[in-house]
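So, here's a batch of structures to check.
Both complexes shown next keep subunit A, but they swap its partner, so subunit B is in the first and subunit C is in the second.
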Partner chain A sequence: MGLFIAQILTGLANAGALFMVASGLSLIFGVTRVVNFAHGSFYMLGAYVGYSLMQVLPGMVGFWGAILLAGIIVGLIGVIVEICVLRPVYSAPELFQLVATFGVILVIQDLALMIWGPQDLLGPRAPGLKGVIRIMGEPVPQYDIALIVITPFVAIALWYLITKTRVGTLVRAATQDREMVSALGVNQAWLFTGVFFLGCALAGLGGALQLPKGGADLLMDFTILGSVFVVVVIGGMGSLPGAYLAAVIISVLNVFGVTYAPQSTLVLMFVVMVIVLMFRPFGLLGKEEIAGEHGQVGEPERPIKPAGNRMRLLVAAGLLILGLLPFYSGNFAVVLVTDIMIFCLFAASLHFMLGQGGLVSFGHAAFFGGGAYAAALFVTYADTPMELALVLAPICAGLAAIVIGWVCLRSTGVYFAMLTLAFGQLLWSLAFQWGDVTGGDDGLVNIWPSDWASDNDVYYYIAFVLCIGGILLLRQAAHAPFGYAMRAARDSARQAEAMGINTKRIQWVAFTFAGIMAGLAGGLFVFSKGSIFPNELETARSFDALIVVFLGGVKTLSGGWVGAAFFEGIKDYLTRFEYWRLALGLSIIFVVILGPEGIVGSLRKAGERFGILKVPEDAT
Partner chain B sequence: MLEVKDVNSFYGKAHVLNDLNFRVDAGTVVALLGRNGAGKTTTMKSIMQLVKPRSGTVTYKGQNITGWPSHKVARDGLGYVPEERRIFTQLTVLENLEVGRQPPRDGSTTWTETMVFDLFPNLAERRNNLGKALSGGEQQMLTIARTLMGNPAFILLDEPSEGIAPVIVEQMARVILQLKSEGLTVLLSEQNLHFAQAVADGVVIIEHGTQKFVGSLSELQAHPEIRDQYLSV
Partner chain C sequence: MKRSTFLKTLVGAAALSMTGIAALAQSGEPIKVGEINHYKRLAAFAEPYKKGIELGLEEINAAGGVLDRPLEFIFRDDQGDPGEAIKIAEELMTSEGAVMLTGTILSNVGLAISSVAAEKQWVYLAAEPLADALTWSQGNPWTFRLRTSTYMQAAMLAEQAAKTDAMKYATIAPNYAYGKDAVAAFKEVLTELKPGVEFVGEQWPALFKIDAGAEVQALERSKPDAIYNVTFGPDLAKFVREGTTRGLFDGRTVYGLLSGEPEYMEPLADEAPEGWIVTGYPWYDFTEEDGANKIFVDAYQARFNETPKLGSLVGYMTAATVAAAIQKAGSTDGDAIRMAFEGLDVATPVGDITFREIDNQATMGAFVGTTALKDGAGVMTDWTYLNGADYLPSDEEVAKLRPAE
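What follows is the complex of A and B.
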């Protein structure tokens, strides 16, 4: 009994930081409609800034002062980000804002590395609260009790601010109709900035508060992001009490998980989430989310047309050059291009459902890594030959996509995106924690191609045929009636429904098809590398794909693989620099603001300007 | 008081307003008439700078407000009452009024909740109800009341009689005349000529975003052929 209570108390204490980060995220989303991916980074900054301040400020007053100051400083950093990065892209489609905040993550990661170095920092203990108190014989840290007391106060203060004050009323009004609020004389720009300050300050506060329990490290940003999304989704977007409730549920569950089922702690969280969403698609206390407002960047979308003769000739020439590669270049290039082609297929599969179907998935790595793990598991446990494994990989990924798609497609927009992310995390935690089967962090090794294909050149041709074939197939689907239906469902779901298109089924099939292709890429990947590790399932991998799709150009048909080829091509060179994340993050932000059409879109524009390409008649 | 000069507005590539030219004198009520899709709402939004005119100017009290942010236009005394009753449905009546509240401005009435409830007694009973619980007519009253809380000197009323019961339309007409008698200037857009005739001094008729008639109400009444050509009666 004593242990039981002690564990509940620990869970309640852990809920504090989680609640603060989640409520900040929820608040920012409610008003600005931006899912702030960088929210985990602000949490991390809160921990680092708090740590540094605690070194300088002595005693109990210094400790709590440092926490408060950390919150304020992080809030101000948030203001800088809002003004410089987000203001220019508020009217852009959701994806642009997401990618921009992802750029912010990279920048903050490297800045933190520059300032605080790579080593983990151990948080100082709270002065005056270093001991434990005994509850029914079980020790409970005094600091935990302090957290349990503080969190509801923060929650109530926040609730009061939002429901009882003029500012809160304006915030709630803006959540519903921004344009109207501004027409009534409220300066939205500053309202947005204010909300961003508050949201980021909460994240910073959360980061600083958990210092004595967890310290500060460079992985905190992504670690908390998954949990925060789960909390927001379970609690209901925009609901403060919901965020608190969900944070408590998840934290308590985690504590019990650690004790009774240490290998399933991460999985548990996602299972709970899926169950909640089955019964309450908008979270425990959430309301139905009205789809975010979408603006147009630049010109309206162009109709998709089959490639002209000149373009076909160009592609054929490119394929010829690619096909003869092993004859005129060395081993290094052959292996590199194999990797590039695999990544291109992966990106093209995401681009297919994102560009054509409007399904922004944050967890596409689940199918890439899933396919790779499926192949590796068959090889390891059933001695499956490569040929069969390469068939089974996409099938398994496809089956996973059928199940995951069924759950995720019950929601739309942000909920869909967060659900896919959560499923990605679920598969990652399976691979990471189920060590007996998946090898855990050590991964699965010795997954080599069959003898006849073990030569790099031969494997190159296998990858060449399958990847190019896959990409062409995806492209073909966009030109087929199925592609028309996908675009109809993307642009106007209700009208498509009224015309007799079963939009949910179309999206489900598209999701599965994309999953199959990603699985194929994963299968090819594992035999190319000879091993597979959980990081291929990480959220960061999903983001890689999102970013290349974005850089390539969402609104173009070839944006996926072009972006992937470009990114993978320069990555090898880029990652030699110490602070390559900073450079990449900054360039992503610049692209979002300055060249939102991506590589393919910008090239096309340039081509038209210089008369190399014909300007379509309907685009005058 | 308000002058719209050579205004052209676009949605993307679609040319919606074509060289609009009209003025509204202080203390008058002008009706902007036209069929559905004629560009009435876009005209309103172009004045509020919710749609930024691509060319031309909007002058208010002698000041060129073209290109201003909308909140600044509102703070300058232009109150906007949108069509389709865009109230905040998740907020209570009192909270809706709070969002509209602006500090007192020189030379205009300073509105309070009490005054607003005197004007619209129905709202007083429902002050703590959520916006979504109100009837269509009550929602229309709330949009006007909310705008009044910003103490405007000039009100833009977008289709106030659209989709509400006749008895409330009558009440709306009385309210507009009362506001006018208190010194407010009004530009209202309407498809309903009868309603406009009850309240307006001047008339502007537009079709396909182009101005077809500008004049006083009596001038329009003297030319029934114009009415028949551009308005569905």
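What follows is the complex of A and C.
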């Protein structure tokens, strides 16, 4: 009994920092509709800033003062980020801001490394709270009790601010209808900035508060991000009580998971999320998203047309140059371009369902890595030749997509995205945990092409044919009646249904098709590298694809592969420098601000302005 | 090269650089070595390693280089991503003119490079990755490993554990291949040395996501006599703090794999645990009697004005190994270097090491000692250096572990 209570208390204490970070993310999303990837970075900054302040400020007052100050300082940093990076891109298509925040993550990572150095910092202990108290004989750290007490106070203060004050009224109004609020004379820009301050300050507070239980290190931005997203989604996007409830549930369950099923900790929270979303598609306390409210920010999309003759010639010339690459360039260029083409196909497959179908997936790597693992497993256990494995990879990925799509498509919007993320994570943990078959994180090695294809140049042509063919096939599908049905389902599900289109089935087929193409890319990937590891299934890989799709331009047909080629190319170049993350982050932010419609969209605009491209008659 | 000659070389090198005489090895084109590592992702470990290499290179080149040519390392960051590492390996070997590859800390990246090395017939010296698979189940003729493997270090601690009366053990290890290997090896060796020991609890926190309070409660619940710890980095810091606060370590001996390395001890400062039996690197304790160890530590501190980590030592030994291999090969041809690695003897600060012909594993050992607090910092006391050659399975078993060549 004593242990049981002590375990619950441990869970409640762990919920503290998690709740603060999650509530900040939830607030920011609710009002500004920005999915702030950089939220974990603000949490990390809170820990580092708090640590530095605690070195200067002495005693108990200094300790708590440092935590408060850390929150405020991080909030101010958030304001700078909001004003410099996000303001210019609020009018961009939904979720585009996500790319900007990804750039911010990279910048903060390198700046933190420059300022605080590479070594982990152990957080100072809270003065006066270093010991334990015994509850029914079980030791409970005093600081845990402090956290258990503080967290509800913060939650109640937030709740009061949001429900009882004028500022809170405005925030809630903006959450429901931004345009109406600004029409009523409220300065929306500063409201957004204010919310961003509050959200980031909460993240910073969370980071500083956990110092006595851990410390500050350079990996903590990503380690918390997953759980924070899960908490926000289980609780319901934009719901503060929901975030608190979810933080407590996840933390307490985790404590029991550690004790009674120690291997489960990798997936426990994702399983909980899938179960919750199956029964409550909008989270525990979330409200149904109002359809159309945030569907079409920015310029409406142009109708899709087959490329003109001039464009076709240009593409043909480009392909010819690419096709002759092995004849005029060195070996490394061939390897690099093979890599880039594979990534382009992967990105194009995501772009297909995202751009044409409006299906934002946070877990597309499940099919890329899934295809790669399928091929690798066939080679390892059945001695399957490369040719057959390359056929089986997309088939297996497609089968996985049928199953995963069936579950995920029960939800929509951000909840759909989070379900795909959960499945991606489940597949990852399967590969990671099932060491006897998948090799765990030691992966599967020695998966090489057949003898005739082992030369880099030959493999280049295999990748060339399959990747370019795949991208063209995706393009073809967008022009086919199927593509029209997809866009109809995306733009107005109800009207599409009224016309007799089974929108769910269309989306399911699109999801599967995208999965098949990603699986093909994965199959090509594994034979080009000769090995496969669980990191190809990681969420980070899904986000790589997501980012390049937005970077290239969602509302264009070629955004996916253009973004991918640009990103891979620039990354390959920049990683040669010491502070490449800083440089890459700044370049991403720069591109985002300069071209809020993505690379392709902005180039098209520029082309039309300077008369190189013809302005379509229906776009005036 | 015997240790005395190694010392002479060192002294000579120092004298040369002090008098400012330009390096002798400027005559030929530099010999390039491709070094791939996670310089950003694991900066705390990779930076000291890189400095170790740089120090080693300066000394080697000041003493005339290799084959009368200067030795040069090309450092590249792979972001901790195996796919990226393979691409960089390709670039280094085919367009940068590297003659062999070194590097990586993460085992999966090491395995990825070792796989591509075997396919393309490039020599790869895996400096830091610890996975047993690298030289055993996934071993290949082109991959050599410098550092003491997981199995060897776990066996050293198991030997210490077998000397005590403790019969009930609980383990805590990060939930990934390294953690699993480390626990399996410890169990295997300890059960062999002392049949009848019982393993009453196993905890597997996710790497760098430890829920320390809950883990400590779970360990306490299994009431072990002793604990075997494999967590490291931020996980270790959290585990130590919660465990100390909640009294988990009272009256129990803890065996900590790598826990005594400065990389992990220094961040703990005055909260470093006392009385743990650990593998690590007690650079602060070296005296004149420790010979080359002391000389290396002094040279490192003089050069970089900071204290060495274990990574610094491994980096330094990497440079020495590469130089020795190429010198022995007499050419920069890949196959010649590979042949030279078989049975290669290298003089290093910790003594002579040999790259075993049977599994390409070097016989580098580890320092084993007991942790204590001294001037507000965790240190190792009563340490000894154990030779790695004594902690490997018999040749017959190793032959069974390795795929047929």
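Methods note: the second predicted complex is superposed on the first by the 567 of 620 C-alpha atoms of A that agree within 3 Å, B and C clash if a C-alpha of one lies under 4 Å from a C-alpha of the other, contacts with A are read in each partner's own complex, and residues count from 1 in each chain.
Just so we're on the same page, contacts are C-beta pairs under 8 Å (C-beta built on N, C-alpha and C of every residue); 3 or more make two chains touch, one makes a residue touch a chain.
If you're wondering where the values come from, they're calculated on a predicted model, not measured in any experiment.
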Q.
Just checking: does A:Gln55 make contact with subunit B only, subunit C only, both, or neither of them? Give me first, second, both or neither.
A. neither
Q) Regarding the shared-chain residue A:Asn502, is it in contact with subunit B (first), subunit C (second), both, or neither? A) neither
Q) First (subunit B), second (subunit C), both or neither: which does A:Gln188 touch? A) first
Q: With the two complexes superposed on chain A, say which partner A:Phe525 touches: subunit B (first), subunit C (second), both, or neither.
A: second
Q: Applying the touch criterion given at the start, work out whether A:Met180 contacts subunit B, subunit C, both or neither, answering first, second, both or neither.
A: first
Q: Please work out whether A:Arg172 is in contact with subunit B alone, subunit C alone, both, or neither, and reply first, second, both or neither.
A: first
Q: Scan A:Ala13 for contacts with subunit B and subunit C and give back first, second, both or neither.
A: second
Q: Spell out the residues on subunit A that touch subunit B in their complex, using ranges where they run on.
A: 166, 169-170, 172-173, 175-177, 179-189, 296, 300
(Q) If we count contacts the way the header does, which residues on subunit A are in touch with subunit C in the complex? (A) 3, 6-7, 10-11, 13-14, 109-110, 113, 118-122, 125, 130-132, 138-139, 141, 144, 213-215, 217-220, 223, 254-255, 258-259, 262-263, 265-266, 330-332, 335-336, 339, 432-433, 435, 440-443, 445-446, 448, 454, 456, 525, 529-531, 533, 535-536, 572, 575-576, 580-581
Q.
Can you tell me which positions in subunit C touch subunit A when the two form their complex?
A. 40-41, 43-44, 47, 76-77, 79, 81-84, 86-87, 90-91, 94-95, 107-108, 111-112, 114-116, 118-119, 131, 133, 138, 175-177, 180, 202-206, 208-209, 211-215, 217-218, 221, 233-234, 237-238, 241-242, 245-247, 266-269, 271
Q | Residues of subunit B that touch subunit A when the two form their complex | A | 12-13, 48, 50, 69-72, 74-75, 80, 82, 86, 88-91, 95-96, 98-102, 146-147, 150
